[in-house]
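The next part holds the structures, each set out as structure tokens.
Here come two complexes built around chain A, the first alongside chain B, the second alongside chain C.
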Partner chain A sequence: MAATQKYDAVIVGGGHNGLTCAAYLAKAGKKVLVLEKRNVLGGAAVSEEVFPGFTFSVCSYVVSLFRPRIIRELELAKHGLQIIPLDCSYSPQIDGPGLARWGDAGRTRREVGRFSKKDAEVLAEFGLEMKKMSFFARNIIDELAPDPTSFKPSELMRLMKLGNRFKEFGSDFIYLHNKLLTMSSVDFLDMYFESEILKAPMAVSGIIGTFLGVRSPGTAYVLLHHYMGEIDGVFRSWGFAKGGTGEISMSIARAAQSYGAELRCGVDVAAIKIKNNVASGVVLANGDEIEAKNVISGCDPRRTFLKFVGEQNLQPDFVDQIKRFKMRGSSGKVNLALDKLPTFKDGREGDQHLRGDIAIAPSIDYLEKAYDEAKYGEFSKRPYINIVIPSLSDPTLAPPGKHVMSCFVQYAPYKIKEGPEHWPKLRDAFGETVIDTIAEYAPDIRECITHKQVLTPWDLEQEFGLTEGNIFHGELSLEQLLFMRPAVGWARYRTPVVNLWMCGSGTHPGGGVMGAPGELAAKTMLKSGEV
Partner chain B sequence: MPQSTPFHAKTLPLCTSYRWKDWAGYHAVCSYDTSHDREYFAFRHGSGIIDLTPLFKYKVTGKDAALFLSHVMTRDIEKLASNRVTYTAWCDDEGFLIDDGTVMNFGNNVFHVTAAIPSLSWFERFNRGYDAKIEDISDDYAILGVQGPTSRDLLRAVLDHAAIDGLKFFKFTETNVDNIPIVLSRTGYTGDLGYEIWVDSIHAEKLWDMIFKKAPLFGGEACGLDALDVVRIEAGFIMNGVDYNSAHHCAIKDRKSTPYEAGIGWTVDLKKPYFNGHQALRKEQASGPKFVTMGIEYNWTEYEEMFERLGLPPDICGNAWRTSVPLYDAMKRQIGYASSGTWSPLLKKNIAICRIKSTHAKPGTQIKVEVTVEHERRAVSATVVTTPFFNPERKTK
Partner chain C sequence: MNYDVIVIGAGHNGLTTAALMAKARKRVLVLEKNGFIGGLGASEEICEGYRTAGFLHETAQISTNVVKELELESRGLQWVTSGQDTGVYVPGLNGEVGFWLYQDAVKTAQHLRERLGKKEGDAYARYSEFLADIRPVVQKMISSPLPDVSDLNLASLWQIGKHATRLRMLGKKNMLELLRVTPMCIADFLNEFFENEQLKAAISLPALAGTYMGPWSPGSTANLLMQTCGSNQRVVGGPWRFVKALEKSFLDFGGKILCHSHVTKIIVENGKATGVELASGEQIRADKIISSADPKTTFLGLMAPQELSHRFMNHVDHIRMRGTTAKVSLALNRPLKFKGNVSVEDVEYAIICGTVDDVEKAFDPVKYGELPTNPALQVYVPSLTSSDVAPEGHCVVSILVNFVPYGLREGWTAQSKEKLLNNVISVLETRAENVRANIVGSLVQSPLDLETEFSITGGQIHHGEHSLDQFISRPTPDTVDYSTPIPGLYVCGSGCFPGGGITGNPGYLAAKSIL
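Presenting the complex of A and B:
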């Protein structure tokens, strides 16, 4: 089949950002086609019935950064999106009582007070500081990345507006912000807290998806990125999408379809058609070609430029920047089907404490040790694990009385010392390590497991197209954010190739199922009048 | 999930309304009946007996305890004599209120502090260099308030006469009742004759039983927070989180208050050379605060007429309210807001505590306050007054 009908835009990759971009463009009356390689939409924001009766949020497993503006503008509730807030963050210990932090501030104060009365009180103050910081940061993630090199009046105005907001918060805030930009998670938390059991699970927010340790400088900022989680304007709240994270993607997909977008699964794109530095469509693996006025990539920058565009079509210094863009996947995922709930050692009754996230992060040293192994190309023998059992809040995910348990595991370095292609041989050992680790806290875990799915960084790359298994399409470290994401000068969704755009998490403001890159890309394109 | 106070086994069966709220992490009764009328009148005509355990309590000991407390508090605690209580505020470096509460001097360098919000970490920031240890004793003690005109007689029937009779306003004594050690303090949040009793948590129920055995003879009733809210407004007492916000909880500077703005400037002892916030407070005292806290009394005749014109009786709000209500000058420009108010069944007036521009705060100034009459926003005249609205002689006698 030769060239078919012409689209205003063809989007490569049906992840939540590609779909968001499609929905916005279609809503504006554009003729849009989304191509997804897998047989299911959603990319890494996907729900799949991996084992009969058990539906997993296979990769991304909680929602918080997803922009409320998108829910409103694309009417996602009408298209089925429901977010169930999490009430608890539980950190069990091997011996002795664990710590549960609740939505109820008084209850949390008492829990933390068992370890440090001072920390219990300071927690609220810390929360207020982070709230202020998040409030400021929100201005950045909801808008285009500022461009500090431009002297265009409109850019200077944007910078001034941002500067003014900054100033309004006062000098203490500015000092704190600078600390946040430069410090490690642990150093930053040390300014407030003394108890390890509180600091450790908080510090991990700074390393999620990065190949850094909790004591590495710069991780404090990532802490904020996670603190910004917002549901209904309330910061630091996390939730599950009913039906799994895939329902975010599916609700966007339904919205996109309602606006007239065309979505196709099982379509493998081999290359982007480029002639004289102008993109004009895509070439599929089967040789078919699809023409479009614009091509938008929802894939990560490496895949987009090195695989689909090709070095020959790019300037060498741009290629260098893309090659240097740090992917460095550092995490894996273990999904377990459970016959019954595991019992954690500290003897808490009921399952209320298991309904939120459960963090295996008993101490700072534990986390740093886990990083040490990863630095030299091994997966952690005792990794940080973030567990959720969403079927406790959403019974549609598992048969009655049974559960799905999702374990996010860090560190599992993509570049394992044997070489990434050896990951499949290590997959079982990795899965066992995770279960062994959990068993130290919940000894009956093995009796509960009926099925397991282990995803190594290699699997995340091969199956989900996440280069080097990086869940954020590139680390969220400071030098890869804002006007530097993914490359200096190319942070506004355009690329050096005319009519080729980016809309994935590798662009500003980054990953975390925000939807913002897809939204901002679409809005930028529409404003430019070029689509 | 709040936890129960040591009086819970006693308050639970009495709370027929099932109306509770979370007070500082504890279950606290709003009102025992569905309406708090009976409890309000107990406070004003008999004795209101109220569980005050959720207050945060700290013990400060060491040879520099008084010096340290003087550093933190606006009052000069070094001047506080043994067996005396003082009401004080504490501020941050910029003179903004963190909290208000009481300090009790037990002698021998032992002090108790009560606070509305958790304050241990705040105090511990400043005890470096002082021989002063701070302990959180919030869970160690239960506190029972016995407040109202018959409270003295009721306690006389329960306790040692000598302890009661000699006890002056804002003094306390350590005594025993049936071999239970208690601290009896002549203080309260009702602006009336009244006492607060500290007891080891383990003896709380026993104390409750002893008091309630005699309570019926003196019009003593278990009272909840709804009734307390009405009487504390009548007494003109401000409340952290309602009439002002702790600087710790304020996202923006405009929400913070100095003691002068919050109407408790009298607790600031500028004769002390040094205390937290002293520079800022000296400056403000010299220039005068831009806003102050005052009382207002609604013009009842006008209020009544507004309803009468629609064929309605005047609306009397059952509970005290704590929403922000705008205040205007004659030109309809906003000059402040009321932060909490109530219908006073005793005074037969609508009264409110408000934050108002200093230029309009002179007692007797006529202003307007927003009211909603049949879904329509109107403004009714009100007079600026000093608080307390109600101040019976028996309180201090």
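Presenting the complex of A and C:
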């Protein structure tokens, strides 16, 4: 079929970053087309009615790092975005009382004090330190990655500015920052706390989505995650989007449409059209071609370059970099439809403690053993599970009195011993392991379940296009961040192919429902004047 | 008699600092708790007639600056020439003939081409080419004091600037490569070059020994780079010969060593360190007190808490010192013979390991306070070149066992040491012939024994785990220049930059900085 109208940009992938990028470009008056393979927009930030009456945030399930600037600039509230703060983090134990940490600091202190007086006292100091750190870290995620190799005055200025901000925080801050950047979550928390029941659920925020254990160096930095979340400008809050995480994507989509962007679902891109190292559009799986002045990929770097672009169109050196970009998926997801709430063993009254996230992370050794199994190619027999029951705070997600329960499960290595393609055979066993594990804490869970959906890393890859099931489009390890994401020297959304850009989580500042890569990519393109 | 300087501890770093101070015409006294000098480089008796050549083995990282300035070559220190280098033998998984890793990269690459195929040999050549490219920069970095990154004043900025300029001098490609690979885990880094699992495991083990990291732990590549880039030829006769040469040099420059002199307290008067007190109650005064003990022993063990600020104590308290190394020394009544008809003379050093995952599996139990069933071993046979460690025709096998927890859950008892000894012999016997039947004596030193015998907190052989965060401000931000918050008190041990191992580097940098 002949080429249709010409666009300023065609965006491959209608995930939240692709949509954010589209919205910014359209807002600036560009003619933009977004192509999504699935029949629903949102990518991994998606809400779907998986079972009649039960709507799940199928993949990503909480909001924390989504940039407030994007909410403001794209007027997402006007387009229906509503965020319900998450008030509690509950970590049950098999025998004995669990720990609930609340939005209210005093209440948390009292809970922690039941296990350790010292920890209760240190909690406030720790929170303050973390808050200071995250103030600094925001400078990094809200701006372009620095380029330490460039001698250009503007780049040197950028580095100096960053160094200066660093310096302003003072020497104790710098000392701690260096520790945070390189230590393991457990070692870092050990500097403050003594009780396992507190440290274990805190430490897990350092490993989510990585193929590392809580004792692996480099995991401490991600602890900040918990302290960096901003919702409506309020620090340290996590939340659910009303209607599920997909509503974030949908509100961005509505904003994009209001600015004139065109969004198409069910369109499978097979390749990016490249001639003489210049991208000029995309070829669809059905053979159709769409021409555009620029092509922007919201997909992960492996998919973008090895599938859509093709090795033959790239320098071998660059291909090597993309091939060794680590994408080892390590997590799965189990979504359960419940006809009543399960009862956790420690006998807390009411359901208030179940309204936030529930972490199955009883001890550090438990978490580390879960990792040790995964290292050798097995899914954890007793995994870390992060459970949310968003229907408690958003009744629109399930029929009256019934609930949706979403379980994020780690570790489930993509490269299972038998080979990733064997995951479908192991899917049931994996789902059962998860339910068995939960049953140790909430024995009546099986009676509550009416339906279940089990997503292995293999499924995440096949269904959502996440290579190797990596939820962040590439591991967030030090050597894959900043100017090295996704390839050394290509951290500014450009690619070696002229007029081909990237805007997904595989670019700076990385994964999570943050929107920053999409935003920064769009702003970079607009500033360059090339789009 | 009055001294200018007292050095606490006669380990190789203490002796290095002491000798350099003595050479600068200071009156120096070294106080050693044990009845012998050398610390982890000391020769110890296994049983009558058999001795080790040091707790540690590796002498390839000995600083050439130390050797030159203290004129150690004229005092008995002898480099192994590249013609004499027998390399490190890595026996095959099932006892078949494996391969050797030599100090000479070209020779190793050629050897690996023959033993493991062209691909691995070429990969080794590429690998060592990268290391050779970054070597001058890394070497410069580990032979200059750390900039104080937490106090960004003009002087430290100048220091940082110098390091940054050196980095940039590498050229864009190598500089970015260095920045990229440093925080990586060894397994990923080596996977970019090699396919042979045992080759990767053998390269990784020396960099992991003594750390609280397995090959899959991020940041372990930094250790590998520092170690390999700081590596030259080995010395004949092991660490003990280095220690003896240092002692001779120190004595020649007029220094004095007192053994059996256990320092129990650093005397601080009016906020200044003025002397030390021994277990006997005797007090000895000096202008400068330099401690080669680990930072926790120095600041938390030898000082009264009121002398130090809360903040500083906190920094010291947070230094991680979890020992993971044990030592098994065997006295055999015949030479150690590896299977596959490998000539006895060809194995002075050996690494016994399986795949990368096997090394990781040897590390896993440490985290839970358990003994490894299949430990990875670094073997050294000092009797091959030193006739004074064993009767003729007999042999001493010195084995560093990775990984063994200081905090063994079942506790360190005679039984647990026996169990460890058995595990080690079983592993050794998969590669060497008839070990058990020929043992005439053995010595097992757990991390706890190390702590008791050498006063190293946690039995941590590096005086502070080697990890990225503990390199950035080693040992604490206030002591990166080897001075301490107490005027007159200095540190010079492995707990300082650039860390542990038989190198003499911290001792050297400390002396330079103090002088």
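Assorted remarks:
The rule is simple: the second predicted complex is superposed on the first by the 528 of 531 C-alpha atoms of A that agree within 3 Å, B and C clash if a C-alpha of one lies under 4 Å from a C-alpha of the other, contacts with A are read in each partner's own complex, and residues count from 1 in each chain.
Quick note on the criterion: a residue touches a chain if its C-beta (ideal position, glycine included) is under 8 Å from a C-beta of that chain, and two chains touch if they have at least 3 such contacts.
Bear in mind that the values here come from a model prediction, so they are computed numbers and not experimental data.
Touch criterion met: A:Asp372 reaches chain C, while chain B stays clear of it.
By the touch criterion defined above, A:Gly515 reaches neither chain B nor chain C.
Of the two partner chains, chain C is the only one that A:Pro217 touches; chain B does not reach it. By the touch criterion defined above, A:Lys131 lies against chain B but remains apart from chain C after alignment on the C-alpha atoms of chain A.
Touched residues of chain A were counted for both chain B and chain C, and C has more of them. Of the two partner chains, chain B is the only one that A:Lys118 touches; chain C does not reach it. Touch criterion not met for A:Gly329: it reaches neither chain B nor chain C.
Contact with chain C, but none with chain B, is seen for A:Thr182 once the two complexes are overlaid on the shared chain. In the superposed pair of complexes, A:Gly209 makes contact with neither chain B nor chain C. Once the two complexes are laid over each other on the shared chain, residue contacts for A:Pro390 go to neither chain B nor chain C.
Remark: chain A residues 148-149, 163, 166-167, 171-172, 174-175, 178-179, 181-183, 187, 191, 212, 215-218, 324, 326, 365, 368-369, 372, 375-376, 477-479, 483-484, 488-489 touch chain C in the complex. Across the complex, chain C meets chain A through its residues 149-152, 168, 172, 175-177, 179-184, 188, 192, 213, 216-219, 311, 315, 318, 320, 357, 360-361, 364, 367-368, 467-469, 472-473, 477. Residues 102, 104, 106-107, 109-110, 117-122, 124-125, 128, 131-132, 135, 170 of chain A are the ones that touch chain B when the two sit in their complex.
Of all residues in chain B, only 1-3, 22, 24-26, 118-122, 124, 136, 248-249, 251, 253 touch chain A in the complex they form.
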